[in-house]
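Shared between the two complexes below is subunit A, which has subunit B as its partner in the first and subunit C in the second.
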Partner chain A sequence: MIDKRDAKLSLGFLSVSFIALFIGAIAGLLQTLVRSGTIELPLHIGYYQLLTAHGVLLALIFTTFFIVGFLYAGISKTMGALYDVPRRTAWLGFAMMTFGTILATIFILLNKATVLYTFYAPLQASPWFYVALVHVVVGSWLCAFSMWNQYYIWKRRTKNKLSPLFSYMAVMTMALWFIATLGVAATVILQFIPWSIGWVDKIDILISRTLFWYFGHPLVYFWLLPAYMCWYVVIPKIIGGKIFSDALARLSFVLFLLFSIPVGFHHQLLEPGISHSWKFFQVVLTFMVIVPSLMTAFSMFAVFETAGRKKGAKGLFGWFKVLPWKDVRFFAPMMGMLIFVPAGAGGIINASHQLNQVIHNTLWVTGHFHLTVASTVALTFFGIAYWLVPYLSGRTLTPQMNKLGIIQTIMWTVGMAFMSGAMHLVGLFGAPRRTAYTTYSDHPQAMDWVPYQAAMAIGGTILFIAILLLMYIIGYLAFKAPKGEMDFPVGEVEEEAAATPVILENWKLWVGICAALILIAYTIPFWHMIEHGPPGSTGYKFW
Partner chain B sequence: MHIHKYEKIWLWSGAVCLTIFLLIVGVSAYAMGNQPPSHMETIDPQKAALTAPFDKPALTKIGDNEYEAIMLAQAFTFTPSKMTVPKGSTVHFKVTSTDVVHGFQIPATNVNMMITPGYVSKISHTFDKPGKYLILCNEYCGVGHQVMAVTLEVTS
Partner chain C sequence: MPQLQRKTNEKVKVKKEKELLGTLLSVMGVGLFVVLSWAAVYLLYLSR
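Now for the complex of A and B:
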């Protein structure tokens, strides 16, 4: 058991995370029912209002709170109890983030911020919505500073010993987050807030979009890296194996830091004002970030095979059968991992110029990130929560809850297969994303999309039932499960694995290269946007 | 750093695949001209509807089987809202927004681009099959976003 005060801290973050997940899931269910034409919303609730709530609460709040909570637990486990200053800073961060979350939710519910979670200008929300977002981001920075501080003190006290793998990865994840959120903080603080208050009349659209997408792509890696931490560090222990290579695990995280940021243009491939050469350059960098994911895939399957063979598995694929399929701590993340195969392939499609032209802003994209963040990442997080919540609250994961967890995972996978599968298909036919129920005056093409939207609603309903089940399991594990000692699974490194080169902990070097790549990929096109930018836009409230 | 032999093989095959993918994208873009819409022309978004040629949005014949469609995107419609061209025509769309960000997509074709206020977006397409094509907005633009669509009829 980690230090009680750290357990409390981690549980604080996880609680907000699961409340956000629940509210966001209700919005999600209603969206699929509206879009299939099944229901109409009562009480003047708007479809796009729900969509904003769904995006903010799930993509930003659920993920960030869960990640920070998980990282603190793991840091306290691997580096020892948090020192006083880092712990105090963490609570301050928690307070700011929670305040921001509540404020944002209120303004979304008041219908003052129906701008979706990407809040593209010149749609103009209430200034309080942007102020709320700043609180969430700056609060998360305090958490980043606190984790780095912990790492720094630990390194000093241990006379520069090699940091534990989990903590190294936590520091890297927060470094990625901090560098990425500088972009969104810049646009919100320097552009949106003065403009929405009325201090300035106009906003430069392309610059705000570019700063947003500078943040928007590393954001998805911020979701993914903690899932990878579970795969690299936790899973080997659960399946009775060893970490394949400490050095390669660290190297993959270094590569994520380097290549996940200077790639935002692949979200802006179809817009004017950015020359196609810079778009292509960032597409090349986008493909580089696939390499560390390939490394991760190799490491994971190497761990599965070696662990299986040690258990006496025979034949080419015998090891696959002896994996602990009945242990939800393994099963849920493993399903996430398997889903990442098609999800990653879809990502390569999205980043390719000409294919992007076919699927951009269609439901295909929505289908894509429901496989990545809402399946690969979410299932891994659920798998973590099943042991982390009882671990932190001094309880145990009972066999009965384990079984329910497996059912939950299967329901999630099936529900997502329906929903995301239908989204992918109908997206290829051209159905736009982020659009309420419509048949475009009974246009035959749009009529053909309706059955797929019904399949999305079936999937959405299954997913919502799975969320209810998840809430029951988590509630039981936090408050009702029998008291006892759980294990925080932390894998050990394979004996014959080579030693970890010191250079991997040379932060100045990696952050320096990261900054250089960002400058190379962005300086010239960004300067062009400033130099040759059109007059800005005034705000519009079209909802 | 030591890397296992099998992992080297795996990573090299991955790298070769990615390089091939990039080559396909690059050759298609640079040798065959399939670049994403990246027009650099700007316009004052506040005055877009008063600035030529957008003060007179229309479909004009500019050559044999060639048309230019000057279009305005505004919440929640496109102007002109009805257009007709004969089969086999190439239409050069030139679009800008008078208010917020919109999308411009014709399902069943590769016509898909963003309409960002302050910029002029351009894309061309040859319509070989007759039918009533839907031109729709695929970027959230407000409460009526789902009705923002017009049609382009291709006659046989």
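Now for the complex of A and C:
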């Protein structure tokens, strides 16, 4: 068991994340029912209001709080109890983030911030919504500073010993988050807040979107890296195997830092005002992310095969059968890994310029990120929560809850197959995203989309039942499960694995290269945006 | 003696590569899925 004060801190973050998950899931269910024409919303609740609540509470709040809570637990486990200053800073960060979350939720519920998850200008929210987001981001920065401080003190006290793999990955994840959020902080503080207060009349749309996507794509990797931490560090221990290579794991995280940030233009491929050559350059960098992704796939398959062979598995793929499929701590993240195959393929399609014209702004994109963040990442986080919550609460994961967890995982996978599958298909037929129910005056093409929207509603309903089941399991594990000691699974590295090169822990080098790549990818196109700046736009509040 | 030791190390290495054939084929399978998905949407793009 980690230090009780650290367990309390981690549980604090996890609690807010699950409350946000529940509220966001209600919004998601209602969205699918509205979009399929099944229901009409009562009490003047708007579809786009729900869309904002769903996106902000799930994509930003659930994920960030869960990640920070998980990282603190793992840091305390692998580097020892948090030192006083890092722990105090962490609580300050928690307070700021929670305050920002409550404020943002209030303004969304009041319909004063119906600007979708991307809060794209010229849609305009109350200034308080943007102030709330600043609190969430700055609070998360305090958490980043606190983790780096812990790492720094630990390195000094251990005389520069190689850091534990989990803690190294946590430091890298927060470095990626900090560098990425500089963009969104800049647009919110320098553009959105003055514009929404009325200090300036107009906002430069292109710059605001560019700064948003400078943040928006690495945000995906901020979600994914903690899932990879579970796959690299936790899963080998659960399946009775060993980490394939410490050096490979660290190198893949370095590459994710380098290649996930200077790539935002692949979200703006159809945006006017950016030259094709700069879009092409950033697409090339985007494709570089395939390298660490396949390294991760190789590493995981190698862990499975090696562990299976040690258990006596025969044949080319016999090791696949001997994996612990009945252990939810493995099963849920494994389903996430398998879903990442089509999710990753979809991402490569999205980032290809010509192919992007087929799927841009269609429901395909919504289907895509429901495979990445809402399946690969969410299922891995659920799998983590099934052992982390009882571990931190001094309770145990009972066989009954393990079984319910497996049922929950299957329901999630089936529900997502319906919902995301239908979204992908109907997106290829041209159905737009971010749109409430309409038949476009019974246009034949739009009428063809209706059965797919019904499938989305069926999937959404199954997913919501899975969320109710998840809430029951998490509540039981936190408050009712029998008291006892759980294991925090941390894998050991294979004996034959090569030693980890010291250079992988040279932060100045990697952050320096990362900064150089960002400057190369953004400086000239950004200068063009300022030099040939459009006239700007006043704010719009449609709903 | 050093020569003998080197031979032993080489043997271990060869054995390990054989053990990971399933891994290699699995990753190739992932790559193939990516290429086929990409080609399918590219053909859709060309057909429009």
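Please note the rule applied: the second predicted complex is superposed on the first by the 543 of 543 C-alpha atoms of A that agree within 3 Å, B and C clash if a C-alpha of one lies under 4 Å from a C-alpha of the other, contacts with A are read in each partner's own complex, and residues count from 1 in each chain.
One rule holds in what follows: a residue touches a chain if its C-beta (ideal position, glycine included) is under 8 Å from a C-beta of that chain, and two chains touch if they have at least 3 such contacts.
Being a predicted model, the structure only gives us computed values, none of them experimental.
Partners subunit B and subunit C fit side by side in the overlay (superposition on subunit A). In the superposition on chain A, A:Pro501 contacts subunit B only, with no contact to subunit C. Contacts of A:Ala345 after superposition: subunit C is touched, whereas subunit B is not reached. In the overlay built on the shared chain, the residue A:Arg209 is in contact with subunit B alone; subunit C does not reach it.
Of the two partner chains placed by the overlay, neither subunit B nor subunit C lies in contact with A:Trp527. Judged by the touch definition given at the top, the superposed model places A:Gln357 against both subunit B and subunit C. Within the superposed three-chain model, A:Trp543 lies in touch with subunit B and out of touch with subunit C [touch as defined at top]. In the superposed model, A:Phe317 makes contact with subunit C only, not with subunit B.
Touch criterion met: A:Val284 reaches subunit B, while subunit C stays clear of it. Ranking subunit B and subunit C by residues of subunit A touched puts B first. Of the two partner chains placed by the overlay, neither subunit B nor subunit C lies in contact with A:Phe479. Note on the superposed arrangement: subunit B and subunit C approach each other to a least C-alpha distance of 5 Å. Common to the subunit B and subunit C interfaces on subunit A are residues 290, 294, 298, 302, 348, 352, 354, 357-358.
Residues 46, 48, 51, 114, 116, 120-123, 204-206, 209, 245, 247-248, 251, 268-276, 279-280, 283-284, 287, 290-291, 294-295, 298-299, 302, 348, 352-354, 356-358, 360-362, 429-438, 440-441, 443-446, 498, 501, 532-538, 540, 542-543 of subunit A touch subunit B in their complex. Within the complex formed with subunit A, the residues of subunit B that make contact are 1-4, 6-7, 10-11, 14-15, 18, 21-22, 24-26, 28-30, 34-46, 75, 99-101, 103, 105-108, 110, 112-114, 116-122, 132, 134, 136-147, 149, 151.
Looking at the complex, you find that subunit C touches subunit A at residues 12, 16, 19-23, 25-27, 30-31, 33-34, 37-38, 41-42, 44-45, 48. Interface of subunit A with subunit C (complex): residues 290, 294, 297-298, 301-302, 304-306, 309, 316-317, 319-320, 341-342, 344-346, 348-349, 352, 354-355, 357-359, 428, 496.
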